[in-house]
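We call the chains A, B, C and D, going by the order they appear; numbering starts again at 1 in every chain.
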Amino acid sequence: MKFLQNPLVQRLVLLVVVYAILALTVPFFATSGNAYAVLEASALLGIVAAGLAVNMLTGELDLSVGSVAACAGLVAIMMSQHGIYIAVIAAVIPAVLYGMLQGYCIARLQISSLVFTLGTFIGVRGLAYVISDERTLTLALSNLSISMSLRERILIFSPFSLLMIGVLIIAGLLLRYTRVGREIFAIGGARKESRAAGVPQVRPLVISFATSAGLAALAGALASMRGGSAAPGGYETVLLGAVTAALIGGVSLYGGRGSMIGVFIGVLTLQFLLSGLQLLGAPNWAANLTTGLILLAFLGIDLAHGSSPVATALHRSRVRRRSSNTA
Amino acid sequence: MMTETGYTPTPSKSPASSKVMRWVYIIGAFIVLAAIGGFFNRAFLTPENGLAILRAAAMSGMVAMGATFITLSGRFFSLALGQTAMFAGVLMAVLMSAGLPFGIAVVLTFAVIILLGALQGGIIAMGANPIVTTLGAGAILAGLAGLATGGKNVPIESAVVEWIGNGRIIGVPTQTWAFLFSVAVAWWVINKTRLGRETILMGANRATAEASGVNVALITILVFIIASIAAGMMGIFEAAQFNKARVMGFDAVDFNVIAAVLIGGTAIQGGRGSPLQSALGAVFIATVQNYMLLLAWSAGVRTVITGALIVVIVVGFHIAGKRKGA
Amino acid sequence: MSNVALEMKGISKAFGAVQALDNVDFELRRGEVMALLGENGAGKSTLVKVLAGLHVPETGSIKIDGKPFNLGTTQLSHAAGIAVAEQELSVIGTLSAAENIFLGGVPFSGPWTRKRLAEKAKPYLEAVGLGHLDSSVPVERLAVAERQLIEIARLLATNARILILDEPTAALNDSDIERVKALVTKLAREGHSIIYVTHRLGEVFEIADRITTLRGGRSNPPENVSDMTLAKVIERMIGRPLEEMFPPRASGFGEAALDLRNVTTKALPLMQNLKVRAGEIVGLAGQVGSGTESLLRAIAGADIVETGSISVDGRRLPKAHKLSTAMKYGIGYCSSDRKLDGVFADLAVSTNMVAPSMRQVTPRFIVNRRRIRDLTGRISGQMAIDPKRAEYRVGALSGGNQQKVALGKWLGISPRVLLVAEPTRGVDVGARAEIYGHLRRLADEGMAIVFSSSDIDEVHGLADTIITMYRGRQVRTVKPADVGNHDLLRDITHPEEEVA
Amino acid sequence: ELPGEGSIVMFGQSRENPYFGQNAVGAGDVAAEFGWDFTYVESSTQEAQDAAIQQLLATGQKPIGIVLNPISGAAAVASELAITQAGIPMVILNQVPSKEQADLFIAYGGVSDYLSGQNAAQLLVAGAEKAGIELGNGLVVNTVAGHSAAQERVAGFLDEMARSFPEGSEILADVTSGGFLENEGYAVGSQIIPANAGQFNWVYGVNDALAYGAMTAAKENGIVPGEDVLFVGGTCMNATTNAAVQAGELVGTSVQAPYIEGAAAMYALVAYLNTGEVINDERNLSSDAPPSIDEPPYKWNYMPNTMLDGSPESYTETVIWGKTAQELCNYN
């Protein structure tokens, strides 16, 4: 039973439970078509969450991912006549540079990224409005084949969802088996100690912010081309979704703990729920309610074990009860 | 037995003088802003426009007063304040449309709001992460409000509410008064009461605070109650102005509030800052927005500049705070 | 070729108004252990950080093996063959021992798989006597001493010739200290040049070849250990001879102030009994993990008391009491980790001093400025803290002054019992004597004081009654006059042979 | 040959927005009339809507028809293509698709925002004549940046104003607000109105709520609406705005009812299912009765956008498809 205490296992169990309940209660849920649709719908969130998780592992949080995704989507649509590759590259490269600069500033200033990216979150959103002239841009009809090719069905996968899985695997391997990956864990879990140990402080942060921005841009560019349009106000909710997925997947907000498998589990759990609700035609508030409850349920898991104040208080009252019984 | 040191205090390290400097910076920034503003647009420096700015800052400003307590106490911030505001308005409207008089409806609403704050604070005091908790709580509140109203706006018919929403006292709107009042109360509580002192202690170092006998669980619950009350107040003002409570339109509240708190220079780790600074932060944002609105700049440009200003200001505070000798 | 490995000349470094290093000269020879000594704030760590490339000095030159060198980044310092274990423990808890060794810029190419890491780390771990360790376990699960040794293993992995250890033994047990000392001697014999920073002056005479003392940011020329005595070293450090380290003991005690009967906690499963009278200082001697601090935590309510009873002045504390309850019964507690839960480093001295006395200074919940002023004045006076600094951040004070604030803050609630864990950890020798004096005066005024310490001299010199502890068991209770340091050391390291 | 049973799926925005709530009710009522199941799938972002459509298609469900309200402007092109390729008849409402996209859907049935803007301008001109005011410069209170329907409205409004005032009536400020409701109109109105005081005598809010919010702000600044300055929105919404219209504080309004819009879209779909044909042209639907389902729908079917002069009678006596303006103008 010891393996049940592994947070990853707990999360996997929850995922299976969610799937089972939905499969039994929601018509069409347990079809391969729906599996394809869920994976397809997860692609955007999954790629953004992978980047954000790298960021969270360093103990930071890049609030600007949604704004970056929106800009990237617009750029990709503008460049779509040159073909999908050029469009994606044109969208991703500036984002990576922006992320590197942002990471560099945050590392050198030693400023809280929450504070710093609050400004870029707003500023980059403004940029999206400026470059689009405050209009929704759409793929030329002649280019709609890009959209079709991105969602083409291969078993239960699409090129987009395969890409997400690939991104998660590669990110997971890089984090686990390379120096930079280990540095990312090190500065996230123990910033001060790692500095004293001589772990470079700037490089991992530059990489982490470049990753969060770059992957957000990749996801935004592809999702916009898949959807055939990009709106300057788009992807506003993707930050919250990605953070939620990462948290559900066991990535710590304080850094140093988490895994890409966890992120994948988190993304799927969230998407299963949303997809189930969607199949039922449930209203918006139902999705809100479910997400809220899931988040709180996870807090429950975290509170129950360890040396949290609630565990201490329970222990204390147990001792009191015991001694008043024997007295 | 005391070790002799030939030490003379230098002004740059004195906290009192750095506090003064901070205010000098802030007020200086306002004066520069006002001067530039007035130069390019005469309408900017009129008393009417001053009132308009204060009114524009009032809504998120009053919530920021409550939110400052959370940040000061070291519990970062709440992502449920917008939803709390929305929920308060809806709840009051629903109670009143069920026939309750305004007084009772307001008391009941605040009772529920206080309970909601206490619940969130309680969960966080038990060791839960504040951001995750309030994220979840916000989603649940949005869900409940949707469930209760079916998404419809709920009309309110009451002369009192009408006055609360649209009244003026010596030419100044009620909302602005409420903002000023909450600034005064928040300042007083932080600086003059045990609660305020203990909030700061807890934000500066939770473990030491606990070891010094501060009841951190109680303080956590209280700061979330205070923030919820502030949000509830805003929700009721929002609903009162047009005699209806709505389920939509509160998405930006949390970010506006956080921006006001951080631009004011309150440290995100807690323990350093003040509600007065947050109030100035809110007014500062409103001033910049107002100025750009008057010049009729496009929304995109306005947003870019707002974001850039936030970066510049928080980095400025950060560097100034470090130089002080961290 | 000369045998000077490192030469620093005219190094200065200021932090704002603080001149941390003022025209410092320093020299290190090949294969020697150089002790770097000085009071808290003398500039030792700053000098070390200059060598580590973490601080750039404003003036001065550095030569390594006779050639001028520009430091200033950690990479340059690596390239110069310098490796530093800083004062703060710097292993990363969530990573494995092997990963910790290779993280700080030590070359390791190819994928970081468990097997490859373990293989490459093995020789370094063996060199520090950790060859048996499973190098893939997260180091947060290892003992403090093992983590310290892993830090040194990391230094070795850099292949550096100049090793710098900043207070490597501050948080270690006596037996673990022995391991570190033996390792240092061995490394020097193998040709490493070592700079060794410590406040445990005894160590210096065992392992160091020469001594450099810093005082107020200025350096004294190096001296051979063989020419020095402890008194001389202290004089170099504090600029005057230290007359008395320990204050005179009490002449008599009052009523029993603290009474523990059969107390157990999770960390202390064996029953603990303890009586402390007003005016008495009880010293709990024991190594880290021996239960001395756990006993204090139990009394303070920081750990949950599972069975047994505790009373203060005959009033019995409730079952499983909390910290705040203990405080109401007149118990004040200073843990061994000042920064963690002893002071508010970012708040003013005066704010720190009134923190436990919120009730007194905020009657009817409203802040009373006069009371705050009176109380801070009183505490500053009693603890000899410069009242001019009342509005300074505590973090800007020296270690000794920080400790005085951490202790002094309890005076506001006029405690009957004061519990102090490691009263002088990381505190320099001058400030140490001062703190002993304060504790004795508080006892003379009628307080009952219990302190825990892994420093035997300290317990022997300060306590009226000594209790030695070993693995959660009270070995014996003695008067200092009846025992020598030797007996105490045996008690706390391997008491079995002696005690019947 | 109309199917006797089957299901209609409508994809749209969150029903927490009362406008879309009424869209759903209007469409659902018509579906029920023909005995069909009706499901409303709501999403709050375009990606979520695309995903929902993808899910419907991938799980192999085969509704007899789809009604689509794209989240943002013409943004749903890829989803439209997918639906069309799956062979499910689809009508669009709320956001007029461009002519180039004609192949992606069967028909459009819904508002013409351009027309709404034109109506607002006509109401303004008529109001000015009645009040004896000569229109000068004015302000525009817009909704959130990048909202295409609002951009259409403003375009229609400006074109119509240019026709009435060829020498030009200047727009002093065209500012976006944070939303669609009174509070947001007030938030920007309270800032630009005092700043431009005395220099303008009309304000166009892109809907009645925004116009009403701006009007409230103006009153607080001592401006008498209907005398000093004319306010127009042109989309009746709720009791508050209706009262303002009847009091002359807003110069008239028009009925652009979401309920009718939902119904209009469904009637276009029903007519297509019934006839299997579409007339490739546009038309304005009559306000008297829904279009006949025995004739093929037009490609672009614009719902009635009936102007009300603001008298109480105009509310009770104007009837669109069997519902009074009073009923249709009270959804928010």
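Here are a few things to note about the model shown:
Convention: contacts are C-beta pairs under 8 Å (C-beta built on N, C-alpha and C of every residue); 3 or more make two chains touch, one makes a residue touch a chain.
Here the structure is a predicted model, which is why all the values come from computation and not from measurement.
Of all chains in the assembly, those touching chain C and also chain D are A, B.
Common neighbours of chain B and chain C, listed by label, are A. Greatest Cα centroid separation from chain C: this falls to D. Of the two chain pairs considered here, B-D and A-B, the higher C-beta contact count falls to A-B. One finds 36 Å separating the Cα centroids of chain A and chain D.
In this assembly, the C-alpha centroid of chain A lies 28 Å from the C-alpha centroid of chain B. Taking each chain's centre as the mean of its C-alpha atoms, chain A lies 42 Å from chain C. Chain contacts: chain B has residues 146, 151, 298-300 touching two or more partner chains.
For chain A, the set of residues touching two or more other chains reads 129, 134, 232, 283-285. For chain D, the set of residues touching two or more other chains reads 14-16, 144-146.
Shown are all chain pairs that touch, namely A-B, A-C, A-D, B-C, B-D. On the chain A side of its complex with chain C, the touching residues are 176-179, 181-183, 185-186, 189-190, 192-200, 256-257, 312, 315-317, 319-320, 323-324.
Across the complex, chain B is touched by residues 15-17, 39, 216, 238, 302, 323-324, 327, 333, 335, 340-348, 351, 355-356, 358-359, 362, 365-367, 384, 388-389, 391-393, 395-396, 400, 409, 430-431, 433-434, 437 of chain C. Chain A makes touch with chain B in their complex at residues 105, 109-112, 114-116, 118-130, 134, 232, 240, 243-244, 247, 253, 283-296, 298-299, 302-303, 306, 308-311, 313.
If you check the complex, the residues on chain C that touch chain A are 52, 74, 78, 84, 86, 88-95, 99-100, 102-105, 108, 111-113, 151, 154, 304-307, 318-320, 322. Those residues of chain D that touch chain A in the shared complex are 14-16, 39-48, 50-52, 54-55, 58-61, 72-79, 81-82, 100-101, 103-104, 144-146, 148, 151.
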